[in-house]
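What follows is a set of notes on a single structure, which appears directly below.
Letters are used for the chains, namely A, B and C, taken in the order the chains are written, and counting of residues starts over at 1 for each.
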Amino acid sequence: MSSRDDILGRVRASLHRNAGNAAAAREEIVAALGSRTQGPKPAIDADPHALLERFRLKSETQSSTVDIVAQESEVPAAVARYLAAMNLPKSAVAWASLAALDWGGAGLQVETRGARDADLVGITGCFCAVAETGTLMMCSSPDTPAAVSLLPETHIAIVRASRILPCMEDAWNLARQELGSLPRAVNFISGPSRTGDIEQTIVLGAHGPYRVHLVIVED
Amino acid sequence: MPTARVGLFVTCLVDLMRPRIGFATLKLLEDAGCEVVVPDTQTCCGQPAWNSGDAPGAVALAKKTIAEFEGFDYIVAPSGSCADQIRTEYPGLFADEPNWRDRATALASRTYELTDFLVTVLKVDSVPGDYEGTVTYHDSCTGVRSLGIKEQPRALLAKLKGVSLNEMNGCEECCGFGGTFSVKFGEVSAAIAERKCDNILASGAKAVVAGDLGCLLNIEGKLRRMGDETTQVLHVAEVLAGQDNPPGPLSRKGGDGSSPTGSAPGVRGPLWGGPAAGGA
Amino acid sequence: MHFKANVHAKLSDVVLQGNLKNAKGKFVTRRAEAIRDLDDFEGTRDAAAAIRNKVIDNMDLWLETFERKALDTGAKVLWAKDGVEVCRLVIEIAKRHGVTKVTKSKSMLSEEAGLNHALEAAGIQPVETDLGEYILQVDNNEPPSHIIAPAVHKSLDEVADLFHKVHGTPRKTDIPALTREAREVLRAHFLSAEMGLSGGNFLVAETGSVALVTNEGNGRMVTTMPKVHVVITGIEKVIPTLEDLSTLMRLLPRSATGQSISNYFSILTGVKKPEEHDGPEHLYFVLVDSGRADVVGSDFHAMLRCIRCGACMNHCPVYQTIGGHAYGWVYPGPMGSVLTPLYAGLENSIDLPHAATLCNQCGIVCPVKIPLPDLLRKLREKQTEHGLRPLTERIGLRLWAWVAQHPKLYALGARVGARYLKWLAGDTDRIRLLPTAPEWTLGRDFPAPQGKTFRELYAARRSATPRT
């Protein structure tokens, strides 16, 4: 007997599985998968300004820094400002989806490709953002590789204000609506990587970025 | 309200170690207008058996207790732990005996820890005690987490003019007693008690007060071993009932040596750690 | 699993005691603050328990649903009855893909299976990448003492000494500098390992995905950089939908580390597409039984709800006092004292179900409302039923219960007992050595009794003042 059959067989025996209760249980499963019932959610003001403000506050609580610009064309300058202020290199790797922005015009050397170990700055967009916790939702794809937000020591993410949603449940609905099925990797990111493994002292920059900077575009 | 007929469940620890807590409880209930009966065949609620994995022993003692106490309007115990055994655990002991389950459920619904009974059921306006000084209150585990006993003893202590309450850090944390745990894993139990005692001492209170004698024995034993000779360790009933708290132990001649902690002002006679004054 | 023998050593370890004291406060206060921040903590707990129950009650069908979805995404699903089979399957996968090095994100099931040892024996290098796990691995493969903070028992000084010795670098006591040192060592491993191995916080049936919660980013590394990703997880980890995942995620980080959300929360589904820059080409799920199937439908099924947050141990007075190693196996604290007897054998963990005061601090903080004290008590009952407790204890309990059913005998016993204890105390208010229960007086005194029993004094009072 295969291990699969052995394990499932013992589970079935423990549950007194028979054809009758299996049919009923299958219906329950179909219903559960279909209804996608949500649990209790925090009350979050869905007004766009309130969402942006909550997202900004929660992101800062997660040790991200936040800049807000009026339109997308201002993003490269905002990124350049941040890098200069932080005394960080002016070259970066970015998602291909951001290739159209005038990075050179802001004095930056930006390559759109997958990330390498040597990259010090990674620039990404995000699929959407969650105001509840100050979280970015990243969906992987050829144009939006996951490692750009992971390998570099500095991660800069561009967030469209209109894509800030109240809760994670709203993000799932948007993903189902726009992507159909889940991409290989959905990464929810809430601030720089961190560890508390030595004496519960929180240190930023464990294996991922030391700093996360958000540029919110009020579109 | 008509006079409530209350069956006093003394608890085995009070019977063996601190009769004066039983008498203090009796006084509080009688002062509040209850008719109190102490069934003389009572022994133990069966919790030690239940918690040690002896279900048949626990069931037998539960049946005995139910039979002894089901005739009263209320059952009151000066212990959250014992009250909880009757109130929370008894009904579940009789999964296969519906008749007993019904009797257990009926008894459970009328069973109260002392301070809970005084506040929730009797809604007493005053208590007879007259303690003077700062106290800190240790919330015993079963009382606070199973029976929700938190504000009741504090509300009653607040009725005593001379008492001020200084909450310790971690007042809801376990003192390490745990019934048989204290003798199976004495070292761990005492180490947990040490943290509790550190918090008690840091509160600066003159007395630590609690509603369960098991905790109190553990705390007093640890305080004394730590070299603290001054902090009084009192059952809440003793503080609330105050001085004329009959009868004290008569085991030694010459009026029963006094407690090294001396008498608490406002409480006649040494209360804890030494025999109480008074007599029948 | 010699709990009692371990306890003495742990209590006498001054460094450990300091480390535990330090850790305890932080875990407890951070969680309390994070819970306050949630609008409806109790309602969310109820919802979370219901989600977990829903799957456990029909676990066979949910597993099949998950399996079907996972296969659809291009993953492979393997099943392991026990730790031995886990090791065999992982080594087979590694050999198939020419793997010489495995980077690992924290997996308690890998600890259960003793996987690192098996990999090494097969010539494959396992590299633990969670900072805490890494610290332990380079310290002669010391086992973790906590499921969330594996090296919580170690002090900064100990880590400083260890890194100085193992890395051959100047000794440093700056925590960020130590963290950077580990980062640099491990970055090279992330980039060179051919296989990444992770546990799974949840398996989502709706999508056939694994959900991983990490703060360090090592979970993302091991599931993004190597060409093979193997997920090792217990069969109880399935949940229905992404919505359920969101509900559980409101509780898991808050209960574990006091965060409203962990820094990285990854939902991984299937394998890399050819045109993608990163992600594994091969994804394997190893679904492990190791005792879980037998818990389904038993008196202990509620334990399968566990989401491994560690709150029960963080709040356990016993764990806080002795740390995790004393428990002797992978899972410490209250959840461990239930799981170890269930998974490793009741007879192999005689002390564990008793190593608790039943204070129910664990039950109160458990995000999925597992009645841990009730389960511990049930295990005690099973031990008694199977004659696994010492004979003296069983006879003692029986005798005591029998006496307590005979009031006259009991009253006599209490009279004698009260006088005996009083005699032991002599002229003092305390007993320094209690011959009948020497464990009590190991670390504290036993207060003297009044000397007579309540029932004696009450009878005396009644006869002195006859009632009308």
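Operating definition for what follows: contacts are C-beta pairs under 8 Å (C-beta built on N, C-alpha and C of every residue); 3 or more make two chains touch, one makes a residue touch a chain.
Everything numeric here is computed off the predicted structure, so don't read it as measured data.
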(request) Answer with line, ring, star, complete or other to describe the graph linking chains that touch. (result) line
(request) Would you identify the chain whose Cα-based centre sits farthest away from the centre of chain B? (result) A
(message) By Cα centroids, which chain is closest to the centre of the whole protein?
(response) C
(request) Between chain B and chain C, tell me the centre distance in angstrom, where each centre is the average of that chain's C-alpha atoms. (result) 34
(request) Starting from the mean Cα coordinates of chain A and chain B, work out the distance between those two points in Å. (result) 54
(message) Could you work out how far the Cα centre of chain A sits from that of chain C, in whole Å?
(response) 29
(message) So in the complex, the part of chain C that touches chain B is made up of which residues?
(response) 4, 7-8, 11, 317-318, 320-322, 353-361, 363-364, 377, 379-385, 389, 393-394, 397-398, 400-402, 404-405, 407, 410, 414, 417-419, 421-422, 427-430, 437-461, 464-465
(request) Please name which positions on chain B make contact with chain C in the complex. (result) 10, 12, 14-20, 22-23, 38, 40-44, 46, 48-58, 60-61, 64, 141-142, 145-146, 172-174, 176-195, 217-218, 220-222, 224-225, 233, 246-252, 256-257, 259-261, 272-276, 280
(message) Could you list, by residue number, the parts of chain A that touch chain C in their complex?
(response) 2-4, 6-8, 10-12, 14-17, 22, 25-26, 28-29, 32-33, 36-40, 42-43, 58, 61-62, 113-115, 117, 132-133, 135, 140-142, 145-147, 150, 167-169, 172, 181-201, 203, 205-209
(request) Could you please specify the touching residues of chain C with respect to chain A in the complex? (result) 19, 22-23, 26-27, 38-40, 43-44, 47-48, 51, 54, 57-65, 79-81, 85, 129-132, 135, 149-152, 154-156, 159, 175-176, 178-180, 183, 186-187, 190-191, 205-207, 209, 215-218, 220-221, 223-225, 235, 240-244, 246-247, 249-250, 257, 260-273, 275-279, 287, 289, 293-294, 296-298
